[in-house]
Amino acid sequence: MTNMEFIIGKYNYWIYIVLMMIGFYAMIAKRNLVKKIVGMNIFQTAIILFFVSIGSKKGGATIPIIRAGDEAVNAAQYINPLPHVLMLTAIVVMVSTFGVAMALILMIYRKYRTLEEDEILKPGAET
Amino acid sequence: MKLFAFLAVVLTGAALIYSTFDMPDWGDTTSPANAHVSPRYIEQTLNETATPNAVTSVLADYRGFDTLGETTVIFTAAIVCIMLLRTRTDD
Amino acid sequence: MIWQLDIVILVLVVICAIAAISVKDLLGSAVLLGAYSFLMCLLWTGMGAVDVAFTEAAVGAGISTAFFIAAIYQTTRRTRD
Amino acid sequence: MIKRNEDIIIQTVTRLLTPFVQLFALYVIAHGHYSPGGGFQGGCILAASFILMAVANDVAFVKRRLPERLTTALISAGVLIYAGIGLACLMLGANFLDYGILHRVLPVDAVKARALATLGVEIGVGITVMAVMVSIFLNLLSAGRHEEGAVE
Amino acid sequence: MDTVHSIQPVLVLATSLAAAILIMVTGDRNRNLREAWTLVAALLKFLIVLSMVPAVLDRTILECTLVSIAPGLTLQFRVDSLGLFFALAASFLWLVTSFYSIGYVRSQQEHAQTRYFACFAGAMSATMGVAFAGNLFTTFLFYEIITICTFPLVAHKETADAMAGGRRYLTYLLGTSVAFQLTAIVLTYSFAGTLEYADAGILAGRAPDSVLMVIFVLFIAGISKAAMMPFHSWLPAAMVAPTPVSALLHAVAVVKTGVFVVLRVVLHVFGVDLLGDLGLGTALVYFASFTIITASVIALRQDNLKRRLAYSTVSQLSYVILGAALLTPSSITGGIMHIALHAFGKITLFFAAGAIYVAAHKTEISQLNGIGKQMPFTMAAFTLGSLSMIGMPPLGGFLSKWWIALGAIEAKELLILIVIATSTILNAAYFLPILYAVFFKEPRLGQHGSAGEGIHEAPLLMVVPLMLTALGALALFFAPSVFLDLARGAVSAVMGGQ
Amino acid sequence: MTEHAPVLIIVIPLMAACLNILLGLWKKELSYPWAVLVTAVVFGLSLLLMQTVLSGGTVHYRLGGWAPPWGIEYVIDHLNAFLAVIVSFIGCIVAVYSRRSIEKELPGKQVYFYSIYLLLITGLLGITVTGDVFNIYVFLEISSLAGYALIAVGDDRAPMASFNYVIMGTIGACFYLLGVGYLYMVTGTLNMGDLSRILPGLSHSRVVYTAFAFFMVGTAIKMAFFPLHIWLPAAYTHAPSAVSAIAASTMTKVGAYVMIRIMYTVFKPAFSLEVIPMSAILGWASAAAMIAGSVLALGQKDLKRMFSFMLVAEVGYIVMGVSRGNSTAFTGAVLHILNDAFMMACLFLVAGAVRYRKNARNITDLAGLHQEMPLTMLALFAAALSMVGVPPTAGFFSKWYLILGTIKAGEWIFAAAFLLSSLLNAVMFYRVLETVYYTGEPTPKRQGGSSAAVNEVPLTMLGPILVMAVGVLVLGLFSGRIIDTVIRFTVPEGF
């Protein structure tokens, strides 16, 4: 395996890791609650990228919608639909979590009038 | 804190990249992920569910229960938001 | 997909992600997140995941951004990091 | 943005656009068998049309067309449709969600029954997703006070 | 030796357990009825225990398996000579103490009497459980229940002092039993595969010597109810309890449970032969000797009567362990006998201390000058009790010391003879001055100038029991037959009929 | 109906949650009886399921009629059924309890509360019965979302505690999902049975190692395993009482269940314990959890916070037992899942009752409560004994097996950690019980009749508390039978 082939074979995974780490960093290091949520979003999207990468097929495979009249369907011609299905579910989960987190942020803001974690955690910050 | 987080992230990332060396290549048609379970969905979706879009047939039929769960997740999210944000307590 | 385009999008995705978590304005963050999602859609379409891309376009770039902006509208745009 | 500004252009365009968006959403839901799309995507687009309305006009405008009690009911109704189809299979003697058995009550064979049931399921999902998205959005936008109509 | 299934041991437990429940249900509404439950249960219990004596003397073992919770963890009762010996002494003394308690709390108008009597009954029930336990698990179970039931009794006064004493009590007993005893039990189970007592021991040949030694040390450290030094300090601390509690629980139930469990471990878990082979017996002998001497020396310096008695108890308990650890038939007989003989003597002393407190409100020894004239009966009993402690014939205490000394000669541990002699001298040194002061010193004129006046005997309900136990200590010298037969039965069982 | 029980225990609470919303639009008062009814039915069904498993062995149920690995399959063996019975029972009891406390703590939100409560039960049961790794993720998210919400509606700092939980919970769930992805990548299947057939041949792939690591970290976060427990104490302290009770007693246990499934069903013991030194890693971490949890609990003033830290320690117990690699310790761990569910439920329910009646949160506020709430305090006493591990309460027996197991594995230090933790628990509960029984108003010397007015919580709260307290005692006596009939069969092959 040449270097180039190796890189082409893996670079998608590397990008997913980079994105995931960006999100991960935001989730644990950022002080602003909304930024944490943004990080969470990036994190989850990166995972979706990873799953989609698993399912992809090179060499002429097409989207998994079976052409009418195709009698003997050859699986190699179509992209693997299973990761897509899983990721549809994951997206829904993602947006649900996002909505809930936003609702929580609203609640927190109502109580503390700020979204900075260190200000919230100060004793007596409640209004 | 930030430095610690950065270090943790870099270390995790490095470990993950290391693990990619054993992965099947991107887009490999014969990788286990593409060869074990999924061919049946593609080959049989028309015969078994009369639905050309394999994603739809897997989503709503083969793995329909996942989708029921998914719908429940979003249902939960809605009820949660209503409960959390609702300031009125009457009605 | 043409691999050069693929690379460009990948680079843009990473830039958008970094920008989204580092801008000092949450509204800007929201928009950048939307852009990030949309670029992701392109990437996935390129890989043949049309359903996922479609959903992400509707959710990530659409509904999520709307939620985000609604929440910011109710709270604040300011952020210290 | 959400203030009741009398921007006539935006309001008019929205009013013109909304039916088409909604029609497209219904198409996406119904055509999920043959093209990308399905309940979830369609539901999102349907919700987007209402969100567009809320943004262009105000919350009360949407509330008149889609009262809160209705959205709440629809949220449940969608899930119930889905689970109900599953239970119907169970009642007819097959396993849960085994749509094939539905050919006993539908005028089609077992394979077609699966496709039809899939459509039913997608409709259920679509209803829920639409109602959920609208409900969450309106709640976020008005910070839980959208029953009162206009927001400050 | 045959084994018979019998529910008698369960009945023994059930009587006082039922009493505890009935006492709680009756509560303060009807105090006579509440006290009646105590008495009825005590009597019933004693009778049932007595009814088992003939069978056990016939070398029959009564067994009863209640419930098998898990392999090894079986709730099982087994009445053998040793257990019955302990049960007999304890149940008789409970009966006596019940009368005494009623007199005491009524005259003191103690608070929370319902709790007091309920816990009393519960503790007795658990003591019987230990006496009849057929395996280590059952023993441990009831051992813990005793601790928990007696805690409210120790802390009964609810003052800061009482709470501190109670806390120390609980810390030592619960702490050591969970940390050491439970570990030892777990280890025993994992090596021996069983927890049931056997006459020849269950650990022989099951584990490497070093592990056995560790287990032994854990056991001895874990059974802190036996008040071996350095785990003795809960006992003086627990003297904050009302006197009947100190009397019964700290002369009979709790501490005797401790030494009883040590006996069980020495005789039925390790077995005489194994301990002899490992040389652990000798180690324990010296350990016990140390406690005997040190505690006696400390007792010398105490002015508080109950504390002096407490240290005396610490010292005397180690006699039992000493007897067992010498591993000769005579010494073990002596050790076992000492459980009963010391109990009779010590309970008399505590009763007397309580009577003095009730009648004269005096707690310090230095206040007791000349009190013998005001309270002749009490102090006569006190004299008998202390003489028994010292080991003067014709009192019971002499017998056990005699046998232990014999055992020491058999085991060729002449040093132990010296220990016993020293201890006897020390005993005399801390008891005789009391007697002298009580009978021969003139009452010191107090600030009120009315010393000695208005002091007379405590209520009859208290004096009669203490006379009874004092006479018991006397009678046991002349007629130890039942106890002696049981003790010999126990010894012959573990020594293989030597 | 019997053959559909596996799916009905999921679908019934799910549909009931939806119907509850519709019912709520009509009559709000119906929510509570509806929730109790549904949870009771679910409990009945789970018992039925248990019966089926006991008599006929493992139950397989194909959803949608598709054969695995193409469709989703429910596989219910003794472990699943055991967990389902625990979850549904506690769910039912806490539902009964919740009426008054929710009326007080969440006025006007009962309809939504009970819907989300039912969804929580749905999610937890879904995790326990499914045989598909991705399906677990979906139900994990249902239960997590419900959990976030239920915690967020608690008292003052609850929203922030819940937010931290959202962040941690999402990381956990995402790691789990990544684990699923990595496994899918190298095996191409999501079915547990199928995975366990394929994985042994791949035991030297770095991808599989990574997947395993992701699974472990993900479940560790979900079950609040030290040192990833940081979200838990704040969350359970500030949640409404009924929520703390159900969450503390079931959510961590279900997390532990997932860990067991991953370690021993998906990956085989040969991989989890030999190829990867998981036994040592988890052993030391859980020893740290036991000690740290107990020590931290020692420093707390708030009752619920103290219990939360104890929960962290208890999770350590369970993981210790699971990771020892012998059947004795494993039996102890599974038994402890049951016992701990009861103990924790009892403790948190008591804390809730105290808060309901006295509006008290701190240990010092318990002073002298034994006169006012004698039965509640008796329940606290029973649970405390069990936590310390005094026989014959349930806690003793699971600890017995756990300690025996560690000794069997020759790990003396871990056995010592158990004892130390028990001792610390004893100190802690001594403090609490001393406050309850020996401080406060001095008792009058003579009590004529009822001196201190007994002022117990209402029957709907007291009943569940007493059920739990009695349960702690009864389970102790029956633990041998439970082990013989159920737990014996849960021990994975290869031990």
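Read from first to last, the chains carry the letters A, B, C, D, E and F; within each, the first residue is number 1.
FYI, a contact is a pair of C-beta atoms (placed from the backbone, for glycine too) under 8 Å apart; a residue touches a chain by one contact, two chains touch by 3 or more.
Here the structure is a predicted model, which means the values were calculated and not measured.
Engineer: Quick one: which chains contact chain E and chain F both?
Structural biologist: none
Engineer: Using only Cα atoms to place each chain's centre, name the chain farthest from chain F.
Structural biologist: E
Engineer: Chain with the smallest distance from its CA centroid to the overall CA centroid?
Structural biologist: Minimum centroid-to-centroid distance belongs to F.
Engineer: Could you pull out the chain whose C-alpha mean position is farthest off from that of chain D?
Structural biologist: Result for the farthest chain: E.
Engineer: Could you work out how far the Cα centre of chain B sits from that of chain E, in whole Å?
Structural biologist: Chain centres of chain B and chain E, defined by C-alpha means, are spaced 69 Å apart.
Engineer: Roughly how far is chain C from chain D, centre to centre by C-alpha average, rounded to an integer in Å?
Structural biologist: 24
Engineer: Whole-Å distance, chain B centre to chain D centre, using C-alpha means?
Structural biologist: 22
Engineer: Taking the mean of the C-alpha atoms as each chain's centre, how many Å separate chain B from chain F?
Structural biologist: Measuring from centre to centre gives 26 Å for this pair.
Engineer: Please list all residues of chain B that touch 2 or more other chains.
Structural biologist: 16, 21, 23, 31, 33-34, 37-38, 41, 52-53, 55-56, 59, 61, 63-70, 72-82, 84-86, 88, in rising order.
Engineer: Chain A: which residues touch two or more other chains?
Structural biologist: Expected reply: 8, 11, 18, 24-25, 53-57, 61, 63-65, 82-84, 86, 88-89, 92-93, 95-97, 99-100, 102-107.
Engineer: Report the residues of chain B in contact with chain F in the complex, numbered from low to high.
Structural biologist: Residues of chain B touching chain F: 15-16, 18-19, 21-24, 31-38, 40-41, 61-66, 68-70, 72-73, 75-77, 79-80, 82-84, 86, 88-90.
Engineer: Sort out for me which residues of chain D touch chain A in the complex.
Structural biologist: Touching chain A from chain D are residues 34-36, 40, 136, 139-140, 143-144.
Engineer: Please name which positions on chain A make contact with chain C in the complex.
Structural biologist: Contact set of chain A toward chain C: 8, 11, 15, 18-19, 22-23, 25-26, 30-32, 34-35, 38-39, 41-42, 45, 48-49, 52-53, 55-57, 61-64, 79, 83-84, 87-88, 91-92, 94-95, 98-99, 102, 105-106, 109, 114-116.
Engineer: If we count contacts the way the header does, which residues on chain D are in touch with chain F in the complex?
Structural biologist: 69, 72-73, 75-77, 79-80, 83-84, 86-87, 90, 94-100
Engineer: Touching chain D in the complex: which residues of chain A?
Structural biologist: Touch list, chain A to chain D: 63, 65, 88, 92, 99, 102-103, 106, 110.
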